[in-house]
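Next come the structures, one after another.
The following pair of complexes shares a single chain, subunit A, combined with subunit B in the former and subunit C in the latter.
Entry: the complex of A and B
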């Protein structure tokens, strides 16, 4: 349905995305994970045609086969909401605090769909019911500050659904929410994707959330997609040293307790910090922090190696002739 | 027998909310409702709960930033809310706090060393330079990092600086309120490991507050689960994770698992 074909986003010398490729099938749910500054939000903005003006975009962004990479704002505006819609981390910031929730949700129905006020109101109520907002008619008259964060995120989801998009891009939709509320929002997004045959791109730093929400996953680091594949497979058997490190660094409930020496078990860490975009190594972006680094890592960009079961990882250690193949890395 | 390091005895804290109607009395929110626990030296207690569960209010009462309406906080046997200003200042050397956002607690116009030395100046301590260098070393920074300014550091390093400032007074108790929540996963693991090192090497006791049950489970001996101001479950971390007794704890466990 939508495809990124070697898309790069450059801010001067710095690359926020480096030849990133992705395919999003109709109705499929794809997760994008990585730490801050890895390019995952930029990737989401590419799908919406909302890359900042200061950036230079190259590569192809195909929507139903049509390349929109260089398309004007006017062209993108015809596709937004109808073909691709987006929700963000902070629902309060996305809602006009001075407008009643109903007016906000009805606006695209009046403007894009050309409905009458009564029709738009009925549609808004139906959408609120679909996203699980109790007493939808009463909710329409309220202001954003009068409802909880979880309900606000549901309003945003309803708003994104107004024009029946084929793809919903959700950028950290659960990060600002409490764990239980987040879980319910994830369940809602999965259900909507299934009932509407709507593709979902779920962007998050939270591996547990992505594991629940998606079928396939792309792991990003320093503007590169470093690993991808079926979500369960990548998270249970990661092959890229960054994915392995990221999973090890996450405190799982199994890490609790103490070792034989009576000291508490330490977490696996990735040394150093995520470097700023203008300071990334030219080859593998992860070189310098990688514990498995070999000679060519810093200077040569690794290609994606196709592994079993549709998994792919871009790491020199996975090349057939590489010394100490990364399969042994755990 | 000596008193435990920290005893929180039935603390309750209520806030008056804005008046809803002119003639009605304003509603009262009970942020923390009758919470009790004992923390021994060198032990870690995790406080878990969603936003609004009262965990930060509890932290503020432990730090004597605010007084409980009922109950008492006893630090080394002393009721900290009955101490005079000077005595409280002295006692504060022994319990320090780390917040979620180190940028908000470090003065951007001052060097890191100046910020770290702040509690020492309040105490009129001696050998300040040596103690700054020692604290920086303990959190994995170099002595010359002290000459830099907060903006020159990454988020994880800034949290190290905030921890250095908290341990420079050689406290017996560290209260960490969402201290790793704003950090990326790989950096969060570094800071959690650092806190475990400090706890074990310095014999520091810790009250570790987080909305993330997995983080609490990996660092704490005991756990207190809060909801709407109430303590709904308290006990050994391993026991609670294996056999949660309250539905709410169970739902938090489900939500945090991968």
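Entry: the complex of A and C
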């Protein structure tokens, strides 16, 4: 239903997103993972037409076949809430502290759907029930500071659902919540996606959350989509060195910090930091930090190699003629 | 309950006093403020005339009370008009951004360059002196002040996540400005309005002193001051009373504005800085 076709977002010389391509099918759930500053939030903003004014967007952003890249704010507004909606990381910051919750949620119903106040109220109550907010009628009159973080995120989900969007972009929806509440929110998002046949783009750096929430996954690094495929397959058999490093950097609960030989295991880290956007290597963005770097990595951008089971990874080591196969090394 | 700043308390007391007296003058004054009594000129304070009478035998207290009302009305109308236009311009500039924002703010800068009194004198020269012209001039010089304050505050609010959430929910910039930006910039705008109220009182007094504000027989602190000037050595109290009123009113609103700023935005507080 929505497709990004080689979309780049440039701030002057710096590329926040480099020819990123994604397809989101109706009702499908896609996860986007990566470190801070890898471009995953920018990708979410591309889907909403909310890229900052200072940025230059190139490529095609197709919504139901129509290219909206470069479309005006007025055009995008017609699609926001109805076709694509978004929820945010900080449920406290994403609600106007001076507005009653009911007024915030009813606003799009009054404006976009042209409902009367009584109808909008009924719809808001129904939405609150759908997202699992207890005593919905009482909540409508409350202010954001009066309810908990998890409830606020539910309010924001209800707000995003007001106009029955076909796609919900969730930008780190669980990062600011404690683990138990986060789990409930993920369950809610999955259930809503299934019952409403609503596509979900779940942006997170929490691999466990993405594993629970999504069917397919895209791993991003330095503005590139470096690996993609079915979530379970990518997380169990990663092929791109960056994905391998990312998964290796997770503290395991099951092994109690001990390796296969029973000795205490040091947590593996990826050496170095993500370079600033204006200082990324021209070829593979991961070159310079990659442990398996070969000659062409820094200068030549790797193409996406299609692997078994619909998995794809952009790495020179996966080329048929490459000296060592990345997957084989680990 | 945190302790209220001292300037807020003193300011609030002075402002209540001035506003209370102005309101009282609507229904009651000790004497008719325009009633002359030529035989009873330059009386000292007495049970009948609490602060005495002026050069035409009019009751000074009654005149000061009505003058307070006139002064408050002028300041209120001028700040309301100038403030509303300024806030709308500031919100508009902030919402549209880009060159439109630059243009509006540069025009505001030009507005700042006009000395308020000279501008009022110019208007009076063109249209003839009247209270309406004084109000218009004071309102006009308030526009860029409020445009600047509201635009700066609005720009901050535009970066908040709830504004992004409202955009994601399909709200337009106009609706966002009204529903989300305006309520959240109310605090700095109200603080500015209180301070500008003090400036407006002073400006009205100055214009009336120059004969460009309230016209006789409508009393005004500024005009009472200028009329008393020639009688300085005969009846200095006639200059002291209105002067004191101006000082107390301006001081009251200034302190109230500072106090409100202290409690609404502690970062800008002068009194609490260590």
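Criterion: the second predicted complex is superposed on the first by the 320 of 330 C-alpha atoms of A that agree within 3 Å, B and C clash if a C-alpha of one lies under 4 Å from a C-alpha of the other, contacts with A are read in each partner's own complex, and residues count from 1 in each chain.
FYI, a contact is a pair of C-beta atoms (placed from the backbone, for glycine too) under 8 Å apart; a residue touches a chain by one contact, two chains touch by 3 or more.
Just so it is clear, the model here is predicted, and its values are computed rather than measured.
S.K.: Give one word, clash or fit, describing how subunit B and subunit C relate on subunit A after superposing.
M.R.: Partners fit side by side after overlay.
S.K.: Once the structures are superposed on A, label A:319 by its partner contacts, choosing first (subunit B), second (subunit C), both or neither.
M.R.: neither
S.K.: So, A:80: does it touch subunit B (first), subunit C (second), both, or neither?
M.R.: second
S.K.: With both complexes superposed on chain A, which partner does A:96 reach: first (subunit B), second (subunit C), both or neither?
M.R.: A:96 sits against subunit C, while subunit B stays out of touch.
S.K.: Under the stated touch criterion, which partner chain does A:304 make contact with: subunit B (first), subunit C (second), both, or neither?
M.R.: Once the two structures are laid over each other on A, A:304 reaches no partner at all.
S.K.: Between subunit B (first) and subunit C (second), which, if any, makes contact with A:108: first, second, both or neither?
M.R.: The second partner, subunit C, only.
S.K.: Once the shared chain is lined up, is A:163 touching subunit B (first), subunit C (second), both, or neither of them?
M.R.: second
S.K.: Going by the contact rule set out at the top, does A:235 touch subunit B (first), subunit C (second), both, or neither?
M.R.: First partner only.
S.K.: Answer with first, second, both or neither: which of subunit B and subunit C does A:50 touch in the superposed model?
M.R.: second
S.K.: What is the contact status of A:294 with respect to subunit B (first) and subunit C (second): first, second, both, or neither?
M.R.: So A:294 meets neither subunit B nor subunit C here.
S.K.: To the nearest 10 degrees, give me the subunit B-subunit A-subunit C angle using C-alpha centres.
M.R.: Value: 80 degrees, nearest 10.
S.K.: Working from the superposed arrangement, determine the closest approach of subunit B to subunit C, counting only CA atoms, in whole Å.
M.R.: After superposing on chain A, subunit B and subunit C come no closer than 9 Å at C-alpha.
S.K.: State which residues of subunit A lie in both footprints, the one left by subunit B and the one left by subunit C.
M.R.: none
S.K.: If you look only at subunit C, which of its residues touch subunit A in the complex?
M.R.: 97-98, 160-162, 164-173, 175, 179-180, 183-184
S.K.: Can you tell me which positions in subunit A touch subunit B when the two form their complex?
M.R.: 35-36, 178-183, 205, 207-208, 211, 235, 245-246, 248-253, 255-257, 263-270, 273-274
S.K.: Subunit C touches which residues of subunit A in the complex?
M.R.: Where subunit A meets subunit C, its residues are 48, 50, 53, 73, 77-78, 80-82, 85-90, 93-99, 103-104, 107-108, 111-112, 156, 159-160, 162-163.
S.K.: With touch defined as at the start, can you tell me which subunit B residues reach subunit A in the complex?
M.R.: Listed in rising order, the residues are 50-51, 154, 156-157, 184-190, 192-193, 196, 199-200, 211-215, 217-219, 237-238, 241, 251-258.
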